[in-house]
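These are the structures in question, set out in turn.
There are two complexes below, and they share chain A, which is joined by chain B in the first and by chain C in the second.
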Partner chain A sequence: MANREWQMIHSPLPIRHSPDILMQLAVNITVLASIYALIACGYVLVYRVSRVLNLAHGELMMLGAYMLLLTASQFSSHWAGAIAAAVGLSLLTGVLVYLFLMRKMTGEMVLAAVLTTVALGILLRGAIVLIWSAQQQYPAQRLEITNFALVLPGGARISLCAALLVATTALVYGSLLAFLRFGRWGVRMRAAGQSPLLAAQRGINLHAIYALAWGLSTLTGALAGMLIALDSGLDQTMAIIGLKAFPAALVGGLDSLIGALVGALIVAAAEVLLIHYVDPLLSEVVPFLVLIAMLVVRPWGLFGTREELDRV
Partner chain B sequence: MSRRPHASGYFRTGYAQGLALIETRTERVALAVLVVALAVFPFLATPFYLDLANQVFLASIGALALMLLTGYAGQVSLGHAGLMAAGAFTVGILFKEVQAPFWVTLPAAAVVGALLGVIFGLPSLRLRGLYLAVSTLALHFLVVYLGAEYETKRGFSTGIVIDPPSVAGLVISSGRAWYCILGLAAAGTLLLCLNLLRSGTGRAWTAIRANETVAEALGIGVAAHKLLAFVIASSLTALAGALFGYFRGFVSVEAFSLFLSIQYVAMIIIGGMGSLLGAILGAIFVTLFPYAIEAALRALPGAQRYAGSLFAVNYAAFGLVMILFLVLEPLGLVGIWRRVQSYFLMWPFRHRPMAGRPR
Partner chain C sequence: MLRKLAAAAVAAIVCLGPASAQDAYTIGLTGALTGPPASTYAPAVEALRIYLERVNAAGGINGKKVNLILQDDSAEPGKSTANAKKLIAQDGVILLINASLSSTYAPVVAEAKRAGVPLLFASGVCPKDVYPPADPLQFCTTAYAANYDSRATLAFIKETAKAPVKIGFSAMAIPLSRAEMDFAEQQAPGLGMTVVDKEIIPPPTPDYTPFATKLKDAGANWVFSWAPWVTQVRTLEALRRLGWEGDYIAWSHLEAEGELARLKDGKFYVIGANALFQDELPIHKEIADAAKKAGVQYPPQQMAEGWIAGMVIEAALKATGWPASAAKLAAAMGSLKVDTRGLRGGPIEWTKDNHFRTRQYYRVYRWDTGKGAIVRVKDWTAFDVK
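What follows is the complex of A and B.
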């Protein structure tokens, strides 16, 4: 795992001139931060709306990536169709997870709901291996997408898929923020997150809102999963990337989208720099070190709401 | 304490009876039968079943410790595997570096566990519920990272091999010897837990779990008792980890994944929160579950094609069972057992009378 990700982030690493290295590090941080941010917004969406920490997010994201594999074999004619179909399936998956599982946990202890997501994650992991086998797969080959390296001004390199990932993250965050700020359903989602009781009394259908939050969260996660899979292949370790993105969400504050962006940047910067200058083995643990530091200093995160602590 | 349904005719007449561990003759007989059965078991069982029993004993120690922490003191921990790893690695490192015998390594593991308990417990003074769970999760990764670091730096990248311990010249390696040791360890842990829970400490924990503010108003030192819960649970868990290391003869970080933590949490959920019996039932269930799945795969027609991916089947089935318990039976196996008991106690009636029910 450590090795693969190491290669993924650092694949074309020029080592001659130090300015190049700095540029490359900056690019690597941007790419990793985009990955974490795109995944973390799924944690934030679900937590902000329904106060449930979704620890199955990594697995749902992996499922999204495998969906691409499925649609690639069905609509191999065109990559855009395959991706669009996979995105639609992921949205549906999220909604179904809420309707058939998490809805049963409303009103239960917060922790019971979290453990249910953990159990769901284990179930999904097993099911994915049963369906698609544990071998590493390359959806990029099936879709006949060639992933080449772009050379940026300054000599740094970035693979096409990684660049796409950065762009997607910017797009997703832009549209999510606009949706939550101006959209009719977005406002409803914020209302439900602030006070479910009052929201329900104003005639907002809470179950529909929660289902939408789960759907959107799975969709964004799946987008991240697909792009990572296109960039560097797909196997069981992807769920770990999903779990590593969780500290990013918490560092920024579990109920703040902007926070997730900032948190992702902090965690990614810490990870890339420590890996580069100290020890590649640290890759697994750096996000969690940042997480511990944050929990000690400011448990509700940089942009989170402080009252959260007493509610859980 | 857990509320056991009793048949009519048994009434407590003094406070001492309320504290007694064994209250009625039936319980005494049942206990005697259990002890005899456990004593006879190793002479009848095949090595395979003996190994299963040993695994159950080991799991029970860890599950009892987690039950103290989560089921009684109400402090969530997702870092149980990290604590086990700490115990196992203490044994491994002391054995490799200074060839320490087990009577040094086991107490050392307990001490390391207690220290880690303080570290794991410190966040609990500020954090509650979800955030506490997350902080223990993060600490799990930290401990496992340190173990992996030791393994790679010292060149034991595949794991540390530990010689079996010897007592007075006798090497403990056979399944039967381990059965005795692990069985006694599990029984000792159970007794310790029972005694802790009927002492002031246990009642303080229960009060903290029920309502922290009220507990504090009653004069209970909330911070001290929370830390104590973490220290005792971690120290027991580290001991279990140390025994695990000796039992397997091999210590490696691969054995202490996040999945193990989840398995322990699953044990206390499946068994039933807030009951020591639940911890043991859960430990039995979760330990035997993969073997049951394997047997089912072998027995069922058409399931053969999944035999190659047994691991994945286990994973999926385990997740499914955990979900089913969380959604359908939050009280766990103990809840089912209590319901069966009440059914027979109530018979021929279906429900307790509305007024004056014995609560």
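What follows is the complex of A and C.
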């Protein structure tokens, strides 16, 4: 190949800083951060209450998205009804997972509980293929939702489902923070997380608290799964997307909701900016590079509780 | 569903019986029936299973039934090794079939070579060992072909483009897809195109918009993607949501026909080696009827690849005769010509040195917004495989 051609191929692209592209990058960061934050809060809810790392969270998220597919066939043209039914089913699934599986792990080593979640994940992946097959699914098409693009000030664009995802994340975090701060059951959840023994001695039903935490965790994960599926489709890879949000939770601190939000923003910003200005391949390793940097500097995360993680 | 699974399990147990194996052509498949990339492979395997069931129902080949043993490897090399060992040592297959990711190839090839059993790649990408000079034991029926696909695609873009081409590429971060886009990136300037960007997108990605933003910002007026379907289509959708109005061309995987109809995008082209069902050939009706009768989960449009593999296996076993052995089958496969009845642009012809095909044919389709239907943009174009 001629030398000039080689140069044409391999010369680095000029870096652009037009207002349009900066606005678009800001939107991209917001959307990706919302995805990670919505998934990460599920990890935090279960960990904060029971100190169990739920490694089946990605699969439960995927199951939630497939439940939307199920309800979509029942409520074909009533998208709100289909989503509400799928959300309800997801909440129920989380509670059932606790009652019929994780409850047996109460009092056992935390490692045993974590391994149980790994087994649950494998089981769910297999079951989903058997029930819904391996092919690509589009819940938005079944619900007759048109995922059009919204034009924002500055010329940036965001799809309708991505905008809904950002709004949902804000709503979920606002509601959860208020619930944990002011709600009776929220205060009980915090108490159970801080000292299960004292909480039990004060008459708090720990099993009910844990079941609620699993239900809420599955619900938030499922919401993320449903909105991602509505935006870009649904297949078997969604479970792995669940794992990609894990570094965000760890960076922020595994027992802090605010931490999950900040961690998601840091990871998403690093990912989007490196894709645009350096190399798209870095997006795969960046979350873990950020995580390693955080583990070196502050192992308990930005907003995590130091004493708990020191013991780990 | 449970009844079907139970029936399949019973059928498998019956088929695995030693008496049955001695009186039938026993062949085995390791494939990604589950796992993240299963959507690309499972429909083809299902089609192959239905095809051979039909052959058996019609009296078999040379008066003998074909006993197909399916093993799931979830696209994991470890599982594919175990499957290949089991199929060869325990089941005594005379033909091994791989329908999985390229990462599973090396261990399966090693097992097949050790046992002297021919290995057919069906629905997974054809490895370089099937091109001239071919490995005596490796064969391939899959439609897509590294390098040839990029040559055909770039030739089509050059022929179609009305303005100077500023081209961007989109690949999945897996070796094969990256290598193909690297190849296309090197070829494009020679055809007068300006390469403006190449995005290597990791699997899986929760949001394709950051990658699409870069392609759009680079000023591409054409984008070519040769990757698993998920990467191809999600990059396109992200580009469209950003307001990009350029032309997009992608490889016509099994999902292509359904997806063209879903997206209804007049500037989205798919290039491939299989005729789409919109051509309404008699064999398309035959496949659709068989799929309906068998009650499969996948649309018939995704079954051409497996059907072609079935046609080739039938022809190879017929040429092998009875009693069959792995060596006799390998010899028969080394000189084979199979009429694909329009599913491809020409026959699949294997020679001693060429186990891919002597000519590779391409067709291009897109959605016609005026007609509200898929239309053929360019008819079969042949490339000699040397």
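Here is the rule we use: the second predicted complex is superposed on the first by the 291 of 312 C-alpha atoms of A that agree within 3 Å, B and C clash if a C-alpha of one lies under 4 Å from a C-alpha of the other, contacts with A are read in each partner's own complex, and residues count from 1 in each chain.
One rule holds for everything that comes next: a contact is a pair of C-beta atoms (placed from the backbone, for glycine too) under 8 Å apart; a residue touches a chain by one contact, two chains touch by 3 or more.
The model shown is predicted, which means the values in this text are computed figures rather than measured ones.
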| item | value |
| --- | --- |
| Chain B versus chain C as contact partner of A:149, first or second or both or neither | second |
| Partner chain(s) touched by A:271 [first = chain B, second = chain C, both, neither] | second |
| First (chain B), second (chain C), both or neither touched by A:135 | second |
| Which of chain B and chain C A:233 touches, first, second, both or neither | second |
| First, second, both or neither for A:171, with chain B first and chain C second | neither |
| Contacts of A:288 with chain B and chain C, given as first, second, both or neither | first |
| First, second, both or neither for A:157, with chain B first and chain C second | second |
| Chain B versus chain C as contact partner of A:21, first or second or both or neither | second |
| Partner chain(s) touched by A:114 [first = chain B, second = chain C, both, neither] | first |
| Common interface positions of chain A, toward chain B and toward chain C | 125-126, 129-130, 133-134, 281, 284 |
| Residues of chain A touching chain B in the complex | 53, 101, 104-105, 108, 110-112, 114-116, 118-127, 129-130, 133-134, 243, 246-247, 250, 281-282, 284-285, 288-289, 291-292, 295-296, 299, 309-310, 312 |
| List of chain B residues in touch with chain A within their complex | 76, 123, 126-131, 133-135, 137-139, 141-142, 145, 148-149, 152, 258-259, 262, 265-266, 269, 306, 309, 311-320, 322-323, 326-327, 330 |
| Chain A-facing residues of chain C, complex | 1, 5, 33-39, 42-43, 173, 185-186, 189-190, 194-197, 199-211, 213-214, 217-218, 229-230, 233-234, 237-238, 240-243, 255, 262, 297-298, 302 |
| Interface residues, chain A side, partner chain C - complex | 1, 5, 8-9, 13, 16, 21, 24-25, 28, 31-32, 35-36, 125-126, 129-131, 133-136, 138, 141, 147, 149, 151, 157-159, 162, 228, 231-233, 235-238, 240-241, 244, 271-272, 275-276, 280-281, 283-284 |
